[in-house]
Amino acid sequence: MELTEFVIKTITIVVVFALTLVIAMYSTWGERKVAGFIQDRMGPNRAGPGGLLQPLADAGKMFFKEDFIPALANKWLFIAGPSLAMLTALLASAVIPFGSTIKWDGAEVVLQGVESNIGILYVFGVVALGVYGIMVGGWASNNKFSLLGAIRAASQNISYEVAMGLSLIAILMMSSSLSLGEIVAQQHGGNWNIFYQPLGFIIFITCSFAECNRVPFDLPECETELVGGYHTEYGSMKLGFYLFAEYINMFISSAIISVLYFGGYNYPGMDWVYTQLTGSFGPETGHNIATLIGTAVFFGKALFFVFFYMWVRWTIPRFRYDQLMNLGWKKLIPLAIFNIIITGAAVLFLKPLITAWLN
Amino acid sequence: MQLTNRSKQVSNKEMTLMERAYLPAIATGLAITIKHFFAKKVTIQYPEVKRYLGPVFRGRHILKRDEDGRERCTACGLCAVACPAEAISMVAAERVKGEEQLYREEKYAAVYEVNMLRCIFCGLCEEACPKQAVYLRHDEFVPVFSDRDQVIWGKDLLVEDMNSRYTREAWTKEEARALDNKRANGEVTNVVPRAIP
Amino acid sequence: MKEVTIAEAPQGHSGAGFFATSFDEAIGLARSYSLWPLPFATSCCGIEFMATMGAHYDISRFGSERPSFSPRQADLLMVMGTIAKKMAPVVKQVYLQMAEPRWVLAVGACASSGGIFDTYSVLQGIDRIIPVDCYVPGCPPRPEQIIDGLMHIQYLAQNEKLRRRNTDEYQHLLASYNIQ
Amino acid sequence: MLSNQEVAEELLGKYGDQVFDFEEPYGLLTLSTTRENIIPVLEFLRDHKSYQVNFLTDLTGVQYPENKGKEFMVVYHMHSFIHNFRIRIKVSIPEADIHIPTATGLFASANWMERETYDFYGILFDGHPNLIRILNIEEMDYFPMRKEYPLEDATREDKIDALFGR
Amino acid sequence: MAEIELLPHNVPSQAELPELVEELTTLNLGPTHPATHGIFQNILKMDGEKIVSGEQTIGYIHRAFEKIAERRPFYQITTLTDRMNYCSSPINNFGWHMTVEKLLQIEVPKRAQYIRVIMMELARISDHLICNSILGVDTGAFSGFLYVMQKREDIYEIYEEVCGARLTTNMGRIGGMERDLSTTAIRKIRDFIKTFPPVLQEFEKLMSRNRIFMDRTINVGGISLERALSYGFTGPNLRAAGLDYDVRVMNPYSSYEDFDFSIPIGQSGDTFDRYNVRIEEMWQSLKIVEQALNNLPEGPYYADAPEYYLPPKKEVYNNMEALIYHFKIVMGEIDAPAGEVYHAVEGGNGELGFYLISDGGRAPYRLHFRRPSFIYYQAYPEMCKGSTLSDAILTMSSLNVIAGELDA
């Protein structure tokens, strides 16, 4: 009994880990393909069918590229930078509920790396650490462009975290729970938070663009100004880690967006599907199949947002540094606070009214 | 200050409320890019699909022979003089008895070399040649080199191979113009491929 | 003490073993499809490089669309355009900053040989300061030719040993350019 | 429309024999002056109430090695947008005393053009804020546009000069 | 082998690093920085991200055009002018030919003039397309760049039809054109006139009224009209500052007086103004191309000047006189009169002037190019002073400094 649970948990964790990596890896391919398609061209299509081996080629090349540490760099921190970025990026995926439960041998296991009742806090904590990877790496490079990139990254991430957290508080007020699993479960039956929190969603997604350093907030690494930004001095797999971490972050934030606002693994008509499946396959297998469908839906949602990230990236120009700060502090934070007030008022006054009216 | 009556103020820096709100413009942009996402791709898959380079493209050099297989070049040196890159060099020789089948004129180029890395493919040599001997092919490039020693092409590479002769619709610009007129009047109907495949 | 004799390797089995060889090939293949260029575009050829990046020719099909303006990240130095003598030290510096394996593609007449600019201020070919793997003729070359050059570099990448950069031959080449 | 005649007369009236060699090649008023007068002439034209020849189109040097005592020449092209009138002013200077006052005080654009002229011919513009080479490398020890220096890079290997008169 | 020593400014050793007493950072923008299209260097003194002062170093692709021109016959100089502003080489090309024609007093037939106008305006479009779309790239929007590059590819196809090359066209000759416009070329130009507007409109939709782009460009890198004139600005950059000076209108050449077009001007000479002026100029150029194509006169495409324009190949074989002319022209032994000419055309970046002194020899005695990029780029430190690094980069790309023209 204990052992089965342990095994399933281990498998879940490994699968979550591997999936995150594979998705991040193929996000690089996806990015290049999406960029190509948006720009009327083919994108990589020589390495393997449709260019599917492109990420492997990149990884293979990077692994065997000369590992270089600049003479005046701080060696220890220079290595710590990308490692930290990668580490924090990977940690966040642990608490994301990928599906509901798997029934196996009488036990019921949640499809989630770690079932934590403070999931959202954990995510925030880990994501907040992510900026250290960039900062440390940029600082250690002993390059002015890197340093500028690192400074930009640090101040940008810290500023936008405020607005992001505030926009989340509205969600927490509605769900009165910090557990991601609980938040998803509450959105069952088409009861998605996006319908209640459109403003919060816009603030949240804007901030997550900023947190992931994606266009229009890719100031820390913008090519035309800072050459490579914080990773200017990085080559070989260390650069690979940085790029990889960016894509993992993208996937994680997409996953969080779909969990918080788009009902996670919930989809319209899932109860009907569930009854059909348990009816024809038996309660256990049917339940598991239904869970897997939910997981697939969840991945669909997350990947759509990954696509959305890329779509936006290849469409709009980027902000200037001071404009970015203005947007963050002067627009998004007041908006988020306004959103909290509205939500609070609604929860306090509107909800009892509606409940009363419904009854 | 205004100098002419043709000036036109074009820069409008006032933003409307819609433009201030960021999102409408971003949505328009997203709509444009997603339209392109599903549009037909214009990419030419180069090594497999080759683009037609146009009837007058200035590609690699060729030294023409005439119908009997005799080299047309008479080593007058005009091409070398006309070359702004000084890429062409030649050594002239007198034709001796018995070589009439090889060379059309009494003088010929014993050595004719083009430095393919110097060459800027401006077409002035073709224009300068009074014997219509040197041409820039419209259908072929000079290949890439990996060795600096291979870049000077001698007669072995330049002189036309009689088995696969180089043909062109029109050899001079006057001929091209005449042909074009005929085509415009519908007298010639063969259509050469011109557009992207 | 008994002398240990080492048996001769059977014929055809000298050098790296099968695994190492196919590994070489795999990494060579990987490298060849992930040549991130450093577009060192100084003049006209740079405009043609833009065309090569553009939708019609699309250099990304070869996995090379990520231009790395930082030399640390680049695999292929594409020198496009005239390199004046004032610029020469910069080219060399950029080359030195690149991490192995690195390739150099001289695009166009100016970079390859000076082209029409046989003048006091122009370097007569970048191969005077750095080793060049491939020369692309033309002024400027058509995008097709630039792709030809890239494909030639791919061919080189596929057919060279993983550690060719440690070979005497290569070290010798670098030494002839006073590098290291 | 300003006529060449009018401007020439005005300049003659103001500067007398300090402006000379009036010509009109291809309709462009051309005159010469001395280096003592060039800046006053330019300033006069620039600040003239009705002419407003206030745009320095071009500034360049020319070398005439055979013209002893006047080996170098600095040529100014001025333009009046209001009247669409162009004027060319030349100043000859000897090689032995290769100095001319700078026009940077009058036109910001003169700065680099003078540096370029210095770089090419070695003409020294007195009072220029930063008269150093601009296009060529700092280490260059000659002025390459002078006629006596060769054009070619001496290290070119792939050319045979013997051919066809080169 | 030429021994080249590394410049000392590259990596300072620890001991050489200044002590942390001064608060300013020196940032070395270029020569290989991605935003310095073409190669030039800016040494910026920065206070955080604010630029306190800047100094440019140029000459990184100095190719000694003016020196070469003194050694080459007139007709070979075409190949040089092509490579000067390579984004719009036909303008340089014909500008040079018109200068020589002015010297030789050749009257070019109307048809050749119209063909030149068509080609020059197409070149202007392709020049402005590059500049504006690169401005887009520098703000981070890459896709618009590739959309309009497809149309530039169409322009290249037209060039290719007319002369056989894409970029360095070499399509003009002293006395006219190398070739006439073929029917295919005319068809392609018509196609271009039809298909270009939607693409440009789309580009405008993507960029012009996007608030992020407007915020990035408005009041960035502005220059007052007075300073612009003092710095010798011409072309779109001067027009953006508010003065409608256009050589095509002020000193019409090549029959520009026949065409109806307006001169776009901006308000304060900032990046947004420059962008808009360029966009509008493309529309105007398109209008000119359309007018020129519709009114394209019949007739010869080169002047009746046998001493200067190569005779047809057929004539060369059959006619002794033609053969002699052919040899004389190719050898460069034409009888150019002694004299001096200044001729200006409206290049992609402004007034492109050719100051030619001929002493009657086979090559110019002195040829000086008035290169607009060279002249106005000196204003750059003043324009980016006090702005941030990002602004400085946009200012640079909207100035459209072409290194080939800058350094010559």
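Should a chain be cited, it is by its letter among A, B, C, D and E, assigned in written order, with residues numbered from 1 in that chain.
The definition used in the following text is that contacts are C-beta pairs under 8 Å (C-beta built on N, C-alpha and C of every residue); 3 or more make two chains touch, one makes a residue touch a chain.
Values in this document were obtained by computation on a predicted structure and should not be read as measured data.
The minimum number of touch steps separating subunit A from subunit C is 1. Using mean Cα coordinates as chain centres, the one most removed from subunit C is D. Of the two chain pairs shown, A-E and C-E, the one joined by more C-beta contacts is C-E. In this view the innermost chain, defined by its CA centroid being closest to the centroid of all protein CA atoms, is E.
Comparing the CA-atom centres of all chains against that of subunit A, the greatest distance is found for D.
Averaged Cα coordinates give subunit D a centre that lies 24 Å from the centre of subunit E. If each chain is reduced to the centroid of its CA atoms, subunit C and subunit D end up 46 Å from each other.
Per-chain Cα centroids separate subunit B from subunit D by 40 Å. As a whole-number value, the distance joining the C-alpha centres of subunit B and subunit C reads 27 Å.
Shared interface positions of subunit E, defined as residues touching 2 or more other chains, are 2, 33-34, 59, 62, 64, 67-68, 79-80, 141, 143, 146-147, 150, 168, 206, 210, 212, 243, 245, 250, 407. Among all residues of subunit B, those that touch two or more other chains are 1, 3, 26, 29, 32-33, 36, 41-43, 45, 53, 81, 84-86, 115, 118, 120-122. Along subunit D, residues 81, 84, 135-137, 144, 151, 155, 158-159 each make contact with two or more other chains. Of all residues in subunit A, only 35, 38-41, 71-72, 144-145, 148, 215-216, 218-219, 222-227, 314-323 touch subunit E in the complex they form.
Listed in rising order, the residues of subunit C touching subunit A in the complex are 26-27, 29-34, 54-55, 58, 60-63, 65-70, 72-73, 75, 99-101, 162, 165. Within the complex formed with subunit B, the subunit C residues making contact are 55-58, 61, 109, 112-116, 118, 125, 127, 132-139, 141-145, 147-149, 151-152, 156.
In the complex of the two chains, the subunit E residues touching subunit B come out as 72, 75-76, 78-80, 141, 143, 147, 150, 157, 160-165, 168, 170, 178-180, 182-184, 202, 205-206, 209-212, 214, 218, 225, 240, 242-246, 249-250, 261-267, 272-273, 276-277, 279-280, 310, 312-314, 316-317, 323, 326-327, 330-332. Against subunit A, the residues of subunit B that register as touching in their complex are 23, 26, 29-30, 32-34, 36-39, 41-43, 45.
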